[in-house]
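For reference, the structure I am asking about is given below.
We just call them A, B, C and D in the order they show up, numbering each chain from 1.
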Amino acid sequence: MNTYIKEHIEKFQEVNKNRGRLLVSCSDQPGIVSAVSHFLFSYQANIIESSQYSTNPEGGVFFIRIEFECPDLKEKAKDMEKQFANIAEKFSMEWKLSHVYLVKRAAIFVSKEPHCLLELLWEWQSGDLMAEIALVISNHEDARDAVEGLNIPFYYIPANKDIRKQAEAQQLQLLTEHEIDFVILARYMQILTPDFVAANPNKIINIHHSFLPAFVGAKPYERAHARGVKLIGATSHYVTNDLDEGPIIEQDIARVNHHDDVDSLKKIGRRIERSVLARAVKWHIEDRIIVHQNKTIVF
Amino acid sequence: MNTYIKEHIEKFQEVNKNRGRLLVSCSDQPGIVSAVSHFLFSYQANIIESSQYSTNPEGGVFFIRIEFECPDLKEKAKDMEKQFANIAEKFSMEWKLSHVYLVKRAAIFVSKEPHCLLELLWEWQSGDLMAEIALVISNHEDARDAVEGLNIPFYYIPANKDIRKQAEAQQLQLLTEHEIDFVILARYMQILTPDFVAANPNKIINIHHSFLPAFVGAKPYERAHARGVKLIGATSHYVTNDLDEGPIIEQDIARVNHHDDVDSLKKIGRRIERSVLARAVKWHIEDRIIVHQNKTIVF
Amino acid sequence: MNTYIKEHIEKFQEVNKNRGRLLVSCSDQPGIVSAVSHFLFSYQANIIESSQYSTNPEGGVFFIRIEFECPDLKEKAKDMEKQFANIAEKFSMEWKLSHVYLVKRAAIFVSKEPHCLLELLWEWQSGDLMAEIALVISNHEDARDAVEGLNIPFYYIPANKDIRKQAEAQQLQLLTEHEIDFVILARYMQILTPDFVAANPNKIINIHHSFLPAFVGAKPYERAHARGVKLIGATSHYVTNDLDEGPIIEQDIARVNHHDDVDSLKKIGRRIERSVLARAVKWHIEDRIIVHQNKTIVF
Amino acid sequence: MNTYIKEHIEKFQEVNKNRGRLLVSCSDQPGIVSAVSHFLFSYQANIIESSQYSTNPEGGVFFIRIEFECPDLKEKAKDMEKQFANIAEKFSMEWKLSHVYLVKRAAIFVSKEPHCLLELLWEWQSGDLMAEIALVISNHEDARDAVEGLNIPFYYIPANKDIRKQAEAQQLQLLTEHEIDFVILARYMQILTPDFVAANPNKIINIHHSFLPAFVGAKPYERAHARGVKLIGATSHYVTNDLDEGPIIEQDIARVNHHDDVDSLKKIGRRIERSVLARAVKWHIEDRIIVHQNKTIVF
């Protein structure tokens, strides 16, 4: 990693050494917020940001994300985890306590088109995307220079449907070796096998080049052009085994008109894809996304 | 019609008494613009606005819309039509010469939900929608007061799939009696028969409450909610016999999130539907729309 | 009030009879959320929605808005107020406990241009704006029919700078008689005196027809046209005694181009003004807006 | 220049070897389009795209931009220029005939913040910005690596108000040596002298980090934050000697809220600045912009 990116990250870790996040979901009922906030207060934690949502106050599912500042978090963390388990048991909660200074480690997969990869690298260099980009994997050599120029390891792994299993075996091994927390498909044009997806639930973020559920599948810009739509879009979603049917994280659109041919739609679309994927990745890194019944709650 | 709306229209007609529009399409080739503009100049017409588009300069189809100011247009109109026919023959043109002071006559069809109808009536009252709203037809009585309060004839014609033919016979007769130029389906929730559609090619404007081609058919807001999209939309299109597959005129979207239930999506959607339909109607009235191969060119 | 609007409101009140809102601000410190949520839990209240913000976790000001469902709220309300006062004292809180079934009473002021008034009336009729529109005051007669047609009292009070004091005396008396909670200036083109404003702090919502702080003052569309901007906007804000300098609640914009003359800008602008004001009013009604140092926090 | 960018440009030049653009302005009167289109037809030129605008059909100024395909344009160009001069004289036209294969040569000026420069370089590498970036000039060394990595000459010229004259002398000499057609100020934080500006009329494109005319001058994000606006923006304009008062080419905005501090506004703003400047540069390169009375017509 380049020195100045390392400095970005180290500064971020210092600033956030006492910053924690608590994500909880359980059956909605009175007393949840009271119990959770009392718990945090008992550790002198100050709640900095809090968002909650209930599918239905009567018998629905309740979700909360709390970001807090807690003196000596590192030292207290283990004990907090242990103590919170008691509360969680009482309310039958699913929960996660995360420490902001533990920066997430990402792998980026890319094929030939570099625009989404370049956007992420730029955000990363400028300190706007606070993750460790641990490696880039591609089935083409095109992006090698741009990636290695930033001292990020680049792995060329040929892939097509005939050699999918071998390719994925290599990929999974690299993810393990590099202790990857999540995978970004930055216009990676290969389908992943159910095994690969199952090994990374809600940990693979894809960018699809259409406004889903319109134009599921291949060649969305060509089909958007044929249909004569007046807006085109892009969609970032978690990957599941139903093609382009995973939980949607973010979408955006741009206006087009009859002058725009397919190439022009692609050019306009690249700008949307870049920003939609960058926002989705940012929210994932900040633990803002909860998946529930194939939909996302973005806090 | 109310006196002040009548005044709006009369003033518009006076201002536009010499204003004409020429729409032309033909095989692309050098010399078209030269011939058309020379023709207009020979009548002392001044070109006020001109837009053109070619599907492909080599062997494609060429489209042009010209708005012009021509002294004594009323007197010259007949002769212009006759003379232009010669040019049109030479280039094998499809064409239409229209006179702006001949305000188009519209029929609005509506079912229970009044928001799109009300939007059109408001735009009309404020002079922003320059058509004669000749009548409103509904399969419910709900809108009668709002419509008759503006001295517009209101016809209640019950409709459902069992009595479709009789209902359409009545409707078509009314369209003829009132010399209707085009029909606006302002959330009219009945399917039209192929006969009705065939009788009004590219003359029926619908508003669909989704971002087509996503959620073709019934209950789009329910399905948008189920899919967890982050944007919802509305689409205005000409009606063809393929349900929701007609040429798209205009689309727009609004951002939503996990807090929005189906009712909330409908509420947000109503605002989009209103403005999308109003824009589509305005462009139709101004002869800005050309349909080509199930797509629209909007000049 | 019309019967069906009355029914809308009565249904809303029934649905929300146990729904309360608590707004709090105080110096940021650990323990606030814990104390407030414990208080609510002690009344069996279930937190439905909660939003918070701190200007600075270390020594800043903390704001929270909680919407809750509390069985038998009507009966408990008085006791809750009393008990919460103790907590409030401990943390030096400013606070407000409101009951959603007590629908707010609004007065709308309008001059000649009716579009913002009509938008509010339409949202009101369709049940999207849950307030009692108790009266409309205008310095012109134009809107009388539209208002009285909905059985809303309409008062014509001539106003100009020479008779401002008398006019405002009449207006203030009407506000008192009708027990008005807040005032909406729906394109009311008269300046209010400092006395009038002082009598209604953060209770007068204005719509300004520009993207503030651009084009403060008169004739913003004319000045936008002269400057050649590519976007025009509208701004809704609370009225203070600094002209167009009050806390901004909401803003929006639309794209324009060189074809748009001043009339066209006004036409486009009317659509923005309508929706921006409607959103601001909705947020005010739902107690979502907190004013702090001439800025708004919109929860 | 890198080989692959050179290939992009050479391919573009080959495709556009017969493509021309004609820009004309003169007093509005009948016969202009007829004369111009007849002229083009006489050279067998086919009009591909045509846009026109009149400030007022009666006595106003008329503008037209025509893009055409003309066989053997290179050979005919000189003669066309000569012949068109006759038409131009008759109508007292200002006009420009340009050849698309003559790719424009740009100089980019930048200070410390690299995001706008990087955006332009990316668009350039991907073939979306069809100009020759002949050199980059900066008053800081930061961007040297990124620029020289693409084989673009980088010149470090220190600049501040005390040495402005010397700095500009060096800059102007470089512009001459490199035969620069236009200058892009990609967040160049130095004021240019009237002499520098006068030497490059409508040839210097700036990006201002606010929604002009709001927040003219320094520190716009800080002032936007202080005012509590709900939208922030960026503006690209030609540089004149009135600070931030030059003709606006393009603007865009993004939504912000009370959570966004000044740093967050800057981060969001960078994305707007990048895309607004890129669009303005693209339109300039394509000869789409005409300046008239300190406003732009963008065709």
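One rule holds for everything that comes next: a contact is a pair of C-beta atoms (placed from the backbone, for glycine too) under 8 Å apart; a residue touches a chain by one contact, two chains touch by 3 or more.
Keep in mind that this is a model prediction, so the values were computed, not measured.
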More contacts between chains, C-D or A-D: C-D
Longest centre-to-centre distance from chain A, chain (CA-based): B
Intercentroid distance (Cα basis), chain D paired with chain A, Å: 37
Inter-chain centre distance, chain C versus chain D - centres from mean C-alpha coordinates, in Å: 43
Shared interface positions of chain A, touching two or more other chains: none
In the complex, chain B residues that touch chain C: 114-115, 118, 122, 126, 128, 149, 267, 270-271, 275
Touch list for chain D against partner chain C, complex: 53, 211-215, 227-231, 233, 247-253, 257-259, 294-298
Contact set on chain D toward chain B in their complex: 28-34, 37-38, 40-41, 44-52, 54, 57, 69
